[in-house]
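Here you go, one structure.
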Amino acid sequence: MIDEILEQVRNGSLSTEEAKNLLRQQDTSSLAYATIDYQRKKRCGENEIIYGLSKTIDQISGIMQEMTANGITRILVTRVDEEKAAAILQLFPDARYETVPQLLIYDKDSDSPLFGRISVVTAGTSDLAVAEEAACVSEYLHHNVNRIYDVGVAGIHRLLNRLDEIRESDIVIVVAGMEGALASVVGGLVNRPVIAVPTSIGYGASFHGLSALLSMLNSCSSGVGVMNIDNGFGAAMLANSILQLCREKHDGLL
Amino acid sequence: MIDEILEQVRNGSLSTEEAKNLLRQQDTSSLAYATIDYQRKKRCGENEIIYGLSKTIDQISGIMQEMTANGITRILVTRVDEEKAAAILQLFPDARYETVPQLLIYDKDSDSPLFGRISVVTAGTSDLAVAEEAACVSEYLHHNVNRIYDVGVAGIHRLLNRLDEIRESDIVIVVAGMEGALASVVGGLVNRPVIAVPTSIGYGASFHGLSALLSMLNSCSSGVGVMNIDNGFGAAMLANSILQLCREKHDGLL
Amino acid sequence: MIDEILEQVRNGSLSTEEAKNLLRQQDTSSLAYATIDYQRKKRCGENEIIYGLSKTIDQISGIMQEMTANGITRILVTRVDEEKAAAILQLFPDARYETVPQLLIYDKDSDSPLFGRISVVTAGTSDLAVAEEAACVSEYLHHNVNRIYDVGVAGIHRLLNRLDEIRESDIVIVVAGMEGALASVVGGLVNRPVIAVPTSIGYGASFHGLSALLSMLNSCSSGVGVMNIDNGFGAAMLANSILQLCREKHDGLL
Amino acid sequence: MIDEILEQVRNGSLSTEEAKNLLRQQDTSSLAYATIDYQRKKRCGENEIIYGLSKTIDQISGIMQEMTANGITRILVTRVDEEKAAAILQLFPDARYETVPQLLIYDKDSDSPLFGRISVVTAGTSDLAVAEEAACVSEYLHHNVNRIYDVGVAGIHRLLNRLDEIRESDIVIVVAGMEGALASVVGGLVNRPVIAVPTSIGYGASFHGLSALLSMLNSCSSGVGVMNIDNGFGAAMLANSILQLCREKHDGLL
Amino acid sequence: MIDEILEQVRNGSLSTEEAKNLLRQQDTSSLAYATIDYQRKKRCGENEIIYGLSKTIDQISGIMQEMTANGITRILVTRVDEEKAAAILQLFPDARYETVPQLLIYDKDSDSPLFGRISVVTAGTSDLAVAEEAACVSEYLHHNVNRIYDVGVAGIHRLLNRLDEIRESDIVIVVAGMEGALASVVGGLVNRPVIAVPTSIGYGASFHGLSALLSMLNSCSSGVGVMNIDNGFGAAMLANSILQLCREKHDGLL
Amino acid sequence: MIDEILEQVRNGSLSTEEAKNLLRQQDTSSLAYATIDYQRKKRCGENEIIYGLSKTIDQISGIMQEMTANGITRILVTRVDEEKAAAILQLFPDARYETVPQLLIYDKDSDSPLFGRISVVTAGTSDLAVAEEAACVSEYLHHNVNRIYDVGVAGIHRLLNRLDEIRESDIVIVVAGMEGALASVVGGLVNRPVIAVPTSIGYGASFHGLSALLSMLNSCSSGVGVMNIDNGFGAAMLANSILQLCREKHDGLL
Amino acid sequence: MIDEILEQVRNGSLSTEEAKNLLRQQDTSSLAYATIDYQRKKRCGENEIIYGLSKTIDQISGIMQEMTANGITRILVTRVDEEKAAAILQLFPDARYETVPQLLIYDKDSDSPLFGRISVVTAGTSDLAVAEEAACVSEYLHHNVNRIYDVGVAGIHRLLNRLDEIRESDIVIVVAGMEGALASVVGGLVNRPVIAVPTSIGYGASFHGLSALLSMLNSCSSGVGVMNIDNGFGAAMLANSILQLCREKHDGLL
Amino acid sequence: MIDEILEQVRNGSLSTEEAKNLLRQQDTSSLAYATIDYQRKKRCGENEIIYGLSKTIDQISGIMQEMTANGITRILVTRVDEEKAAAILQLFPDARYETVPQLLIYDKDSDSPLFGRISVVTAGTSDLAVAEEAACVSEYLHHNVNRIYDVGVAGIHRLLNRLDEIRESDIVIVVAGMEGALASVVGGLVNRPVIAVPTSIGYGASFHGLSALLSMLNSCSSGVGVMNIDNGFGAAMLANSILQLCREKHDGLL
């Protein structure tokens, strides 16, 4: 982008002042409460995704309206509770809401072919909401997802039973609360990138996920990439960047 | 003990004042810096054990001299560094020093028959000092010890290879640093009491053993008893109280 | 189990592929949200116990239905609040609900003879819910329970008054919040295994049970096994594994 | 003081400007690195005491010289290591050094009659340095001290044996590391002010005294006043303010 | 008490077995959920006080009924919310409830003469509830109370204006949240015992009172006794033990 | 002030006792629950501002009434929720309420000319409430405010686009939650005083703003002044003291 | 592997007992202090790597000797200080030592072709040791490395100047201490997998790397994978697993 | 700068490729271990300052040589210990070393006129090193400094005595450890910008400066800007940016 504008400046079709304004206008929308980043897809591979937790209904729908008005056809909003979702779906009847992971998805382009295979593995049933956030975001990003739930180390044969499936995937996302041991165990059994998501499941000395987080950071199986507590979304984004890299390599781009 | 003295008070062979003094004298020695507890063995099953870490050579040897002068034939001192040990061994040539677990042992009664079997299992080579503290104290307490070292979850087949041995023991002490996942995994594989000892092995977010400690407290395998960080000694003491209970039951005492 | 299957593989009655599938099927049920572990009893001495805290009514009752359909006759669900319990009891009228410890118990085999004696000792009245979790789970596991409540160190004669009872039990579970001093005091007075459960009772610098937890981990009475904050259930499970060990020894199994 | 000066201002013997300077000069000395507070004794009952830990030899001796030059006859310096002490004793041969509590004492007025009785009680031998700081500072402040060391709750009869002595004192300072349970136990047994000093003795989850500190703050025995970790000096100062209050009441001053 | 019973044992009017039972019965009541300590007053100078926070209405009123049935005429219950209080007042119409400090007081002996003077000083208006707990408990314990509220260091002349009053009291209780600086400032201005109570007032990095707690523990004014966060009750109890000591000294008892 | 009174004392028109009372009365109002500081404006440049969070409606309106009765024409109350605000506005119909930053403003003197320019920059839309607290308080203090919202480092060109505006302001207040990186980035790009306000926006390991707070304290861009978590008010006050200093310098006062 | 052995069991060439022993022997070496995992390469893609920090010279060289005796031709030892390294190099003259990252490398197979490109980016010069650990391990694993050091956000143009290089790499490892903002900034500028390594560089409230760790976990740029503090090695291992995945995809394996 | 280059591009004297390289070269030097930022002065008002703590002698002197070779005449290096300083002074005989604050200063332009007045106020003598870092850096930045040391709140009259001096300065830097109360007290007494620097002075629950840091962040005196623990340098940098702003305003630049 900067090259084109410099070229236009060079050949005189653009004044320097015009150049500066142009650079600004084309890549953001400024609302009173938000500065939407349209350059994100080019820069990071995906449109800006809306963090819904502490935003009002008006703010979320305002941003969505501005984005669609600017030609964006795929919007993902995370951490939207049911009440907010209901209100927004009134305004965006084409969107849909995933209750368990609290995702709101507006996608006019959902039939792209899927590529890559991500296993989402949880230690327990209680880790489901976080796991589904990882799984649904991965699907939104056009990847195949294999859900392997409740195979924690208290009954490790449950995991070993499904090891073949796990090893056949490209990337493994491990979601676990309490002591988070599953990440280390999986990390020691596969030769694929392992992404660990600690959850806040547990009580007492789990300290709202701190125990699982520290476990995963100190994994004796080396090379595990750790996300914030309950951040299934982030795990999907990292998996996506890895699979995009592989695809580009495969396609001979790199 | 109180019954005998009350009886003597009752039959007039003891004044109440004499009774009170007697009660005190027989169960403690008072040095300037220590009050030795001779009642400990009766009350808790084992002589008082000396915590050597922040005591001077003079304090440790003074306590040992007072104990031996009072007929104690078995003394254990924990956390004695090599310099202190050398000095004390000059005074107690019959004692011996275990370098790795930093234990000083004076034992005139070391050929009692062994009973019970304790497996001491470590995640890594680096956990050796803590594991040896648990193992050597267990041996001092007349138990058989099976050392199974460096079988952490990064290569879990190393553990599975030795599962039969572990399952054949009465008690399993699991010693692990970093993320401490081994305790949960072992806890899910055996039906014996599992005692978990977090170690301070690791760096960064292991926070000197906090990570392993929290992991073990939050173990998804239920019923794991946790000790303080690096407290191999305590694990041996808990194992001992369990095996003593079993022996008494077996001997028909209970 | 592996031996039988290997034997069948050897004598040709089973293909290797069949062997692998068999190994898997017999020990788990796979629901969408859970992988039930039927091997747990054989491996760890007790059926899988359901952690109810973050599961929905549908998940809990679905797991229970699958378990009963597979011939399980004893099910324990922990941390079930009253609303969930009422709904589940509609579906399982033979189950019962313990309000104080929030336990849901389904037990078709409740008249096994009791064995062993566990004292559950609390520092205060406020520790009751956690203590009852330990006590009721112990009873569910067929042990005699002796409740000794509100005998904390602010009035230590209350504890000393009942010391004979405590010393006559096989195992002592100490439940205390605030500063948790009771565990150390009891640990110094008995020669039985002591299991300490810190509770979240207190305010300010108790930091939701952290104070009691640290106290118990640092107990000057050696050999105290510590559980997670408010984890009365875990204490009962550890006590159970100890008493099972003693029974097997007594029965000459070991 | 302010009244006298206001009076002099009133009767014209002092200008307002002179008054302001006078107020300043009489109550401080200004060195390059220190502003010595001569008003402290009047205001708080005792001369300013020098915290030696992070001061150089030159700073400590400079402050002492300025103080003695201004007529101060009693100086206490805390936390002075042996090397610093040796250097300062060269300059102040009348001072003396207490090695265990690391106190440097210059006292030209040491034969005042003693009053009040403080029991300093420790859980273990390892708490000695902190206990001696409390004891020696108390003696410097002209109080009787009764040392009762190594009577922690692992062998509680050691404490009960000496309960009469403790109850006969006016104030009890309890010094304990690890889990610090002794403060609660003593607090439940006496009706005198109890001052608790946590020590950094312990390892692992004692977190350098945090465990004992939290225990003491959460004592189930109400009304225990807590000091900073290892702050035996502060305990003696609080005890002194209490005994001074009692003396004044006794002398009819209040 | 032990002397009388030993005497009766000696002169044969009591068997040893009777003696043991007697010792137990006279000093406690055992309810299902509580073991009431009647010896507390003798031992610690005041009846057992009921911590209401995590007790049910039935538990609180059950304990009160048992106490009154055993002749206790003064009962204090702390941390009772309004709903609980209303229910209990139905059963104990002679009791009264203090709304701000959430105290329930039953006192048939409230016209004893007051003695001693306690200043309760707060940094802000927001610290009122904790301060009133300290003040009302002090009054319940028959001390004069001087309330000096909202004189924090942001406007330190407010404190200086009232310094004479503060200096005329026997004991100063300083109640402050946020940074808790007031304790150090007051500690530097008076020669009376200073008791510091951190409060949970503040937000963000006050961490629910941790900031004020650490400040008070590290006070550069030496000898400040610190209580748990929001523990106005404990401050009053410590003040009471100090004033009782002074009264006994004054009365020539010591 | 002290000079005048000293002068009156000198010339005999005031007794010393009168002088002391006078000093007190003129600078405070004493309510039962508050000591209002009228000297604050003179001493610190602005009237005392009321912290509304833990005050009742009666306390807030009582303080406001006392202040207006003493001639104060500008009052700011922070952290007032909507219900409290509605009740207070009934009593002070001239006041107004800002919903987003939860400020209640009573200002009879709001048309003073504005001076200085403060940029309030946020990382995200979610930081709005804190940012508006900073912005509205700045406006109340008569400064120009430039709001630059949602320009966090995930799309750093949004910030770069508006760098000229930021560089043209006198002071930059950076408001950010999560990892708080924006403060360092802005600090590296401007040569104006930068004030950083961490917010509690985020989840998991943001630990309610701790992450952003630590980031800002450790900023690699030197000289960033940090406020408490969510303390937009404090940032405005620091900015105000800086701009007041500049104005006085500009006016030749210094 | 299990398939072959099952086949041999099936065709009778192996007894079941032999099968079990075989399974064990081929994948581990058991030393007194270590259980070497030869299966690691097959399972996880790389030989077991030796964590040197808390191992003795004898332990490290013993493990190396056992590995080389078993045909391993590439060994990496991390966190070896200079003294240990010198001693080991005596025994393994073919090995070499990298001083800055404290790596000991024994590699008989170092001329494999390189593939993939990893940019290692640091915020400051002080992060060099950690960055070099990541870089040298990456090179040992046959990847191209681009070092971009000291481009932290205090002078962000240094980063922007080299953005093209960074964007041309396959994976970006960001190494930063203090506030760790660089990870978020880079994460917002590239569409490649970003791996963040917090370092312990800083002082005070950096809390030995905690500040940078929390920053990276809370990155507003989504999808950043975080490693333990100072764990450059782990970052290289994760990068390696990603590049291996891409290569296999490229080679048509998946 | 960007404008000039755009202009050259426009008029054809520069190709776009040349433009990009030019932009890079003029503002940085790239060494193997450092990327020196020459734009810093323009952007932030002062040359890049070297953080010496974790840099080697070679790195520091290499950076200095590169800077001087590029015409920089003023260099400041912070946190340089004495050994490093001695070695560097060999190479830069014109530099000087300040021992107490561990600053190395190379300044060919030190006779610029001073402007502005900064009071550096400490609570104790032990805070001297941090205070001198603030003071000497302020002097290096051409400001007048007034040192007011050891006036902490334990003897608050020492502060009040010097209040006039403090109020006459433009900016007040308060340096305090332990409980850090001095910042709040000063903040309540002056109407100038107050910058607070917590120090790590103290022991036990000061937690290496955490106590003072939290105090300062929670100051009840509003508008105090807080720096990292022991960061006297940062305080001077913030003060400098404020005084630069004032000077520009005074000079009519803004």
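Per-chain numbering from 1; labels A, B, C, D, E, F, G and H assigned in written order.
By our rule, a residue touches a chain if its C-beta (ideal position, glycine included) is under 8 Å from a C-beta of that chain, and two chains touch if they have at least 3 such contacts.
It should be emphasised that the depicted structure is a prediction, and the values quoted were computed from it without experimental measurement.
A.B. asks: Spell out the chains that contact subunit A while also contacting subunit F.
C.D. replies: Of all the chains present, those in contact with both subunit A and subunit F are G, H.
A.B. asks: Quick check on the contact network: minimum steps from subunit D to subunit G?
C.D. replies: 2
A.B. asks: Which one, A-C, A-H or E-H, has the same contacts as A-F for more than half of its contact pairs?
C.D. replies: Interface equivalent to A-F, from the options A-C, A-H or E-H: A-C.
A.B. asks: Based on mean C-alpha positions, I'd like to know which chain lies farthest from subunit A.
C.D. replies: Result for the farthest chain: D.
A.B. asks: For subunit C versus subunit E, what separation do you get between their C-alpha means, in angstrom?
C.D. replies: 38
A.B. asks: What whole-Å value do you get for the distance between subunit C and subunit G if each is reduced to the mean of its CA atoms?
C.D. replies: 41
A.B. asks: Subunit A to subunit B: how many Å between their CA centres?
C.D. replies: 49
A.B. asks: Find the geometric centre of each of subunit F and subunit H from their Cα atoms only, then give the gap between the two centres in Å, rounded to an integer.
C.D. replies: Once rounded, the distance between the two centres reads 25 Å.
A.B. asks: What are the residues of subunit C that contact at least two other chains?
C.D. replies: 43, 124, 154-155, 187-189, 204-206, 210, 213, 217-218, 221-222, 228-229
A.B. asks: What are all the chain pairs that meet the touch criterion?
C.D. replies: A-B, A-C, A-F, A-G, A-H, B-C, B-D, B-E, B-G, C-D, C-E, C-G, D-E, D-F, D-H, E-F, E-H, F-G, F-H, G-H
A.B. asks: If we count contacts the way the header does, which residues on subunit A are in touch with subunit B in the complex?
C.D. replies: Touching subunit B from subunit A are residues 123-124, 152-156, 178-181, 184-185, 187-189, 202, 204-207, 210-212, 214-222.
A.B. asks: Give every residue of subunit F touching subunit A within the complex, in rising order.
C.D. replies: 124-126, 128, 149-151, 154-155, 157-158, 161, 201, 203-206
A.B. asks: Please give the residue numbers of subunit F that touch subunit D in the complex, ascending.
C.D. replies: Where subunit F meets subunit D, its residues are 3, 6-7, 9-10, 12, 16, 19.
A.B. asks: Mind listing the subunit D positions that touch subunit H in their complex?
C.D. replies: Per the touch definition, subunit D meets subunit H at residues 23-24, 27-28, 32-35, 37, 39-40, 43, 48, 51, 53-55, 59, 63, 198, 200, 208-210, 213, 228-231.
A.B. asks: If we count contacts the way the header does, which residues on subunit F are in touch with subunit H in the complex?
C.D. replies: Checking each residue of subunit F against subunit H gives 43-45, 49, 170-171, 187-195, 213, 217-218, 221-229, 233-238, 240-242, 244-247, 249-250, 254.
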